[in-house]
């Protein structure tokens, strides 16, 4: 089984990090193909950058398909709280997983409520919006910001863990969260440390998405094509793909 | 990996059916242990029977653990729309999956909305209630009854498929459903036939629960014990276990 | 008029307490019959115990009916936030009242919002779930835990009043509650003391349920049998009743 | 115990009808005092008339109090879906019941869902709005109009029963209602006939309100005065009371 | 274009203030006609006073129409969180704007969430209720009380600004508000000062309503008459108009 | 005042149509600048195309600004139910209006409920999602598809009116809509014909957005920059702008 794991920003180091985490979660026999978009922001922390990422991810997957064929079995959109999943679902026949929703679905299986710990305060509304659209908001106790930007996470992992643990503890004690979700692709791999500090289950969206992707493929299920995610109608497109 | 799959009624044939479906979905290396409760109704179609089943399932798992040890890695409550999952989660340290919620989570990954096709009209409110409690109701387009009882499903598979397909078609065309969930443990195995007839993804809760259970075990995640599902406090219990 | 008031735990002293409160609220001519389940936990503070109580209460009422006849006019499930009301409604033709919902309905008649003060934090989600299922959550300002277990309430009434008053005051001042509900059968009788301390109306679920039961009987109304609470279909039951 | 039952329109015959129904539901020892407003519409079927009624009812109760003293124990606002209850609650220290909410609370005690059958289509939104504000909408399956105006109900009781039964049957069969509420003060007394025709419980708001009022008085509960329904601050009022 | 701007209380100074603010927001060619009701309270801070205002405003507009003709193009109900808009909509063919809803609609155009800063705590539930009925509550982060009564605002503008700014700052920092709405007709004109202090957009309901009224007139749109706001049916009215 | 009105597709004729409608709604002194994106689909009827449009619109506005300066006062995103408004709000300091939300806000001012009539069934979920995110779904009675694609609307205006009128009539009679919104930029200008046929107010999103844009500018209000729509942080962007 081959799964494309597409980063939403243009920072290769983060693609590597995400790819490694995906690989570590993957079953034997699952091949992970990490991809970096050809254009966009070095980190995604707002709507402008997120919309750009939505298109860049679709563009990147289409480029992959043109060059390497469609021998992949699932695609993972590895940006937390980002736009774009619905578009990929229209373009592809294989399952598309988004790490935000994958994490929330898994969290609901191990606790009554969950909180998301994300980066900057400005990304909180995006995450809340994506959870609302997916119908996953009702069990969400809170979305809290650690105050560190995506790129700072990478530079200062210890500081990152500290600030995430602080917010995670508030989420459990003040908001009633029973599970913590790491709300940024760049936090991937920190789950173990946060779990030890908080003693509640900690869900990493990349790992969750890999297991759910494998599950869907194994169940023979893929995106319904009857309405929302129907294949785009044949029509004139100007300037697509973009790169 | 060993997964206990517990039927909610006392009909052994149904336990076998469910066990076989679970086994067919399981990964290589996953052992499925089907269990039938020691007491309860021959089929569960209402609150009285469902509450009885909730306790009978907990009783059965406890009996298994006493006799065979706790070498199992997950438990699946194989009744659709039934009470009891929360109690099992308190009693156990391993993940507990309920086929209702497992099916709904998986359905949300492959479509924007889903409908459940169940047996008798009287079970519709139970299912709606369980989805509401789990926060899975927002993407539920409808819960429709086929009009066949649980035991009739078993006796007349062709009739069952017909009535399920009829309701599934209404769900897709009238209610806007993009995915169909088979809303009864006794419908397990009919997914392929219904999928062919309706051309939308059809989710079987037993198979879905097996893959999600395997996923949780693989991710090293189990039920949060901080609040809702904390282990029962040590106290005097009269008459437990019941059998 | 005869009303069965069924405790959810096996502590006889608590049955007596509840029975006395019910009797003090009852109209002249209303006979209160307090009942203790034959099995279950000495106090109910979680899902496992609550599911067990649900079945034990049904079992107890059926035993009463078999022994003493069905000359009773209503049944009150005297556990706060517990499972089981729906099952009793299926089994019986007379009205079934649950003290959680009775308290919430009455609270809504005397204030725009209410808060529930319960025992341990772990029971908060059960209460919230029951209110949600009954559609009574929208006016609920908060469910707060006093931190005392059910049995501690009984042992230290002064401490109990203190801790309940503290949380009730927070509910009124911080959460906007206009009415306080005593969220545990074991708190029954403390309403006057809490009212004096907080100067908002305080609702005792047992008393509320008695008056509502009398009201329904007087109005000639009982549970609708068309769908959710239809009488169980005749079928093979193994091991029922349990004692 | 003395209960004021205030009609919302100026049609004396309807006041008599409502008063008689209230008296028939009242316990021995409860005195019902029916009152007709001094101004307003002959029937209330819209917002303009309903706001006018809200003020006219307050005005009428104040006039009663000035003339006859405040020896009454509760007040019932006997208009279905009308404005005004909150104002009365501010002005009075005794419990105030509104037949809309009384009916809905009682309906929820005997069924999972209820439908309201009202008069003209134009009054449906008012009723929905009142239920929403009171947090009673979640269990409301539908509000259906019989198509007969308030005054036509009075003139043609047989036609009224027919049209109400038709809509009640649709509510049960199409909307999933388990209980029917008669959604107009002028329908009072038709409950028995509709119950016979539909075989589901039928709630008359006037009767329900009387029993709930008696219950509150017996429980020693009245409107919370801490916030929403606090007594109006002393201030200059021009032209009040109006008559 | 002529717009009637109707105060909800009987304090002429406040009518002048509101009229001046409306005039300053109006386009060239828009004439503002400020009106004071003939009866009611000197300030409106609760349901009793608000219901009285609802009728007094309708009465005042009807009196204006009888005396001056119906050459006006829109009516603005200039009380924040008050009852009555729906009744005016039934009585009139021209657009009716309520400053509560006008402010909320405009706030949603310039931010994801808004908070309302009002006067006394007791008016918070009225405002929340009006926003709920209008479907404008989902983006409302909070309704906060400054603690100053309507008339105190007028007497101590500096104190008013201080207390409003304090609550507005809390709303932005603690509740996540992105826009502030001045929640009292008497606060009109303070928007600039509050904006400077908080650096978020501040919406004055009177100004907002004037621009929306002009917009509707320019678009040729007025109240739909098909159902909720249909013209009252011809019927006998006793004592109307009241003055 | 200068307002940029940006089409979401690459069909110049549709840009002209939208521009003309905007100009006809604009106040004297308001200049409308219609813009066509440099890339994207000839019509937007799904998520892939809509995400592409979101980026293409941002790209087009940035290009305009680079070439012509930032002397414009507001921007209108003239695609119904499309992604992208939030990104534009981050990039710009002037107000950004989206025709979906503008239409819904205006509809709520003239009726209690509204329905949207759109093109193909596949676009219904996008519109519902955008209304949900903006908190405008609660008064939405339905979103109905006429069955005609965007480009067919243009080719067969008579057929378009027929199919829109048919669905609008269903919306009013079956769904309880009191106002109709034309749910496609390409339907702009058909409002008068539909209004005549249905006798309810019909809102054209382009015209509504123009009036709301003028209102915001006149009120001195623009997008709040404190959180959701804060200006993007300075960071490395690869490949932007795209053309």
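Every chain is named by a letter (A, B, C, D, E and F) in the order it is written, and numbering of its residues begins at 1.
In the analysis below, a contact is a pair of C-beta atoms (placed from the backbone, for glycine too) under 8 Å apart; a residue touches a chain by one contact, two chains touch by 3 or more.
Just so we're clear, the structure is a prediction, and the values are computed from it rather than from any experiment.
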| item | value |
| --- | --- |
| Interface residue overlap between copies chain A and chain F, same or different (over half shared) | same |
| Copies chain B and chain D - rotation angle from C-alpha fit, nearest 5 degrees | 120 |
| Centroid-based (C-alpha) most distant chain relative to chain B | E |
| Length of the line joining the C-alpha centres of chain A and chain B, rounded to whole Å | 28 |
| Where chain A and chain D are represented by their mean Cα positions, the distance between them in whole Å | 53 |
| For chain B paired with chain F, centre-to-centre distance based on mean C-alpha positions, whole Å | 44 |
| Chain B: positions in contact with at least two other chains | 112, 124-125, 176, 227-229 |
| Chain A partner contacts - residues on chain F that touch it in the complex | 10, 38-43, 45-52, 54-55, 58, 83-84, 86-87, 89-91, 121-122, 124-126, 129, 132-133, 149, 227-230, 232-233, 235-240, 242-243 |
| Complex contacts: residues of chain F adjacent to chain E | 25, 27, 95, 97, 101-102, 105-106, 108-113, 134-139, 172, 176, 178-179, 199-201, 203, 207-208, 211-212, 214-216, 218-219, 221-224, 226-229 |
